[in-house]
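Each of the next two complexes has chain A plus one more chain, namely chain B in the first and chain C in the second.
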Partner chain A sequence: MSSQLFTPKHNTLARLTLLLFVGGAAGTLGLLDLIHRSPYVRYTKVRREQPVPFSHKHHVNMGIDCRYCHTSVEKSSFANIPPTQTCMNCHNIMWKESDMLEPVRESWRTGKSLEWTRVHDLPDFVYFNHSIHVNNGIGCATCHGRVDQMPLTWREEPLFMKWCLECHRDPAEFVRPDDKIYDMAYDPQELSREEREALVDAYGIDTSNHRMTNCSICHR
Partner chain B sequence: MSTEAKRDPDGQLPYVHGHTLGSVSDKIAGVTTLPMKKMPKFWYGGILIGITVLQVLFFAIYKLIVTGTGIWGLNVPVAWGFAIINFVWWIGIGHAGTLISAILFLFRQDWRMSIARFAEAMTLFAVVCAGLFPLLHVGRPWMVYWLFPYPNTMGMWPQFRSPLLWDVFAVSTYATVSIMFWFTGLVPDLATMRAKANALWIKRIYHGMSLGWTGAARHWHRYEIAYLLLAGLSTPLVLSVHSIVSLDFAVSNEPGWHTTIFPPYFVAGAIFAGFAMVLTFMIPVRAIYGMKDLLTERHLNNMCKVMLFSGLIVAYGYSMELFFGWYSASPFERFMVLNRLEGPLDWSYWALILCNVAVPQFLWSYKVRTNPLLVFIICQFISVGMWLERFVIVIISLHRDFLDSSWDMYAGTRWDWAMYIGTMGLFLTLVFIFIRTLPILAIFEMRELVHKSEHHDDEH
Partner chain C sequence: MTTSRSPLMMTAALLFLLGTGCKPLFDIRKAMYDQPKFEPLEKTDFFGDSRSARPLIEGTVAQGQLRLNSHLYEGVELIDGDYRSAQTYPFEITMEDLERGQEMYNIHCSVCHGLSGHGNGMVVQRGYAKAPGFHRDALRQAPPGYFYGVIMNGFGKNMMPYYHQIPVEDRWRIIAYIKTLQRSQFAQVEDLEAVDALAPAEAVEHESPEHAHEHH
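So, the complex of A and B:
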């Protein structure tokens, strides 16, 4: 009687359904994970539109130090965006007629700040302090990438938690000497592992008892 | 009861009597193939209540998701409340099904055949209800996949040393194995249902689900091997799942939780509660569907004995908790015991002793054990008692522990109750859908019993 209800092609159909069920579930989960990690969601290497097409590449290569504009980076948790005054220090002499710079001059005239598009925005449940990093051997380029090669600034790293932890679990892979913090081209691997471990000790970075990966270090 | 039934050498009535191979199939399949109009009022009433109460659950879940766990009665010393009480209660209820299907199968207890299907279904439904609570208590259920270890962008694994993670594995393994076991046992019966069903589209569904079962000797051979293997796989689960649930408590250093007696005492409690729930449904079903010849008083008697035995283990657990409160010589342990006996929530402790220790003692009497009404009433006491047991363990231990400056009181809010009662609606709905759509007794195993009862002289 069974042959009346179904034909042999239903056997193939049943097997195919099983395959689709398992494969479909695995495929969907895998796809969701890929999307989550993709530049489409993370904005990695995506040039962001700004009110003024400010080029870090141009300014850094002229020899301006990071701290000329981001003045608070060594003292504060926040590496500030400079006030319009900082731009005008030069641009009331240079390129003072440029159309491109009109929003800067307008801000200067009206006292209304430029509204930059933020490129690195951590979630509110994460506490991040710039000063503790730059004062303890972590260079700008380690997280922000080669800003001196970015015409329009992009996010170099995906800012995943595992990326933070990579360094917090083993800072000796990433530390650099105190005079190289703002050096864009410096590679921490120029020093040997022993030398870097000595640097970690010299900075007083305490990695004992998983202290650097304690939840409350970042989630306060 | 049929008087002409042949008694076995011990003078016991057989587990099934007055039936032939054909009549037993017709009777069980008849419940499922009954036209909708002829379904008994009991079924209509049951599913109506089930679906109505299920709406309470849906609303409670909706409210929880839009508002958060603040709608529950949790506070700082009592950070674990109804969600874990209900989770442990439901998951415990499931244990009877696994015990009946796996351990009693391996011990060749023939009487399990009549109740195994029903009990296994209840295991599954209880696991569904239990699973809702850990899912929802996280507050953001859409993040619940964080419970599982998977390679993630946080660079983190769950805490493998935590029993809460072991719980995730224990419960998901339990659900998977229970479904496989239940479904494997269903296959020969689904083929029977295919033959009995009236409408073609229903035949098609049963046929598809029976995986091309033809009843060939080769199929039976493979079936027996698969079922034996699955029974072997399920057997450790009877002990492991509730042991691990108990470790959620026992691994902490909270007075009232931190005891080595917890795993066996929880497992016994689970079987105790599970048998009570199986009987709660079996007694009305055998009365309404006229199945007293298939679910006999001898079944009631056996099940009550299991209940009495597991109840005594639980009572021993309670007495040991009192004893160790004194014997530990720890002021906190002693205070915990006193707080149970005469603290502000002492009513729950004494109600628990009444329900779980005092009332089940009636089961020593053969007359009580074979009286369906009395057994039904005792089962209700046990179900309430087992819920109170978890209430006492979770709430009374937490609300007054080490620091008296952080003591507080606890009471479930209306949303706590809505969620708890709502899961009963879910359970009822699933049970009544099951009664309608699948054979509630294992037809082919009942045929085997009929065969054995006719030829039991050959067995020895």
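So, the complex of A and C:
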């Protein structure tokens, strides 16, 4: 055995080891990040199981406005999940023999709450208010996607802070007229950039001094 | 001893640190994500019915919710020493109120009563019991307070109460809009003239087809 422990061929081995070590670490982090952003973790576009397979698509296309059930969206931070009575307004007659709707009738008989699976749940360290958005030109579809085309509801957006900031940095890209808030098919880009900037002014949205991206606006 | 710091040992140490370090890290993240406070309608294990939003104890009046104005909240007025359906609105109805009434009517009422109040809304078309139209004589004569009572209590065995869906003021605005719908079905030529007098610029548009009609 020679006294020379490392021969030139070990140079390659050393470089390869370094590469694997650095690349492996970076790759692992990258993989974790990918998993973190994936629909597997964020539930983006994943239909959620519900006690009753409620279809927004069916109900909206029949001409029922969002606010028929989500009654407090204009006034409150919370848009409201309707009480069983709202279901029974129609389903005391419509499909009243349907097995699918038995949990609704059971809830109506017993007064026990239906336990829906929550689709959009922001972290508790974020303050979000529905009313300030729908009263200032942000339509339901901007965040919730085409709910009118969802048989079972899914989360359209991953709800990352980056995504919130896209709009808070430049609301003029997303605002729409007052009478189009609940119009699911409306596209804010139908108006020109100038018209939308005028809308931002009309709503009184103040983007000066980074006001809209101030941490305390959402983390209060 | 320096020789013990072989890559294998380093990796093992790193994996060990990751393994023990990550769990509290994820727990902290979860604890911040889901703090010990209740968001509206959030589930709890504390109460038997799983509701964090507690129903009010019967007879409780929360501050600011004492509703003494029976005209506004109950839709009744003291007439000849007796509480009867209010004949008037508890506040003056402006054009904005009517527009809001239209919006709310279209959301909450039109599904059964139809957009024009003929009782043929989409839900009725889909097989619900026929809803009454608003253009029959008895309902045209009915005072606003009567409609308020129906919104509050429901009607017959089919229509549920709607007070939990519609705020107090909006109920009155809806009634004003129903009254407008009723009037629209029995509009007279003089009504149009009154409208023309209100908006002279638009009156010109009304006149021209009318004159054209005379020439035919």
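Note that the second predicted complex is superposed on the first by the 209 of 220 C-alpha atoms of A that agree within 3 Å, B and C clash if a C-alpha of one lies under 4 Å from a C-alpha of the other, contacts with A are read in each partner's own complex, and residues count from 1 in each chain.
In this section, contacts are C-beta pairs under 8 Å (C-beta built on N, C-alpha and C of every residue); 3 or more make two chains touch, one makes a residue touch a chain.
Keep in mind that this is a model prediction, so the values were computed, not measured.
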Winner by number of chain A residues touched, once chain B and chain C are compared: C
Answer with first, second, both or neither: which of chain B and chain C does A:Gln189 touch in the superposed model? neither
State whether A:Gln85 touches chain B only (first), chain C only (second), both chains, or neither. second
On the A-aligned overlay, A:Arg67 touches which partner chain: chain B = first, chain C = second, or both, or neither? second
When the two structures are overlaid on chain A, which partner does A:Gln149 contact: first (chain B), second (chain C), both, or neither? neither
So in the superposed three-chain picture, is A:Ser113 touching just chain B, just chain C, both, or none of them (first/second/both/neither)? second
Touching A:Asn129 in the superposition: chain B (first), chain C (second), both, neither? neither
Once the structures are superposed on A, label A:Met94 by its partner contacts, choosing first (chain B), second (chain C), both or neither. second
Using the touch definition up top, name the residues of chain C that touch chain A in the complex. 7, 32-35, 37, 39-41, 43, 49-51, 106-108, 110-111, 122-123, 126-129, 158, 160-162, 164-167
Which residues, counting only chain A, touch chain B once they are in their complex? 1-2, 5-6, 10-11, 14, 36-37, 158, 160-166
Chain A residues touching chain C - in the complex, by the definition given at the top: 17, 21, 62-65, 67-68, 71, 75, 77-78, 80-81, 83, 85-86, 88-90, 92-94, 112-113, 115, 123-125
Within their complex, chain B touches chain A through residues 152-156, 194-195, 200, 203-204, 207-208, 212, 214
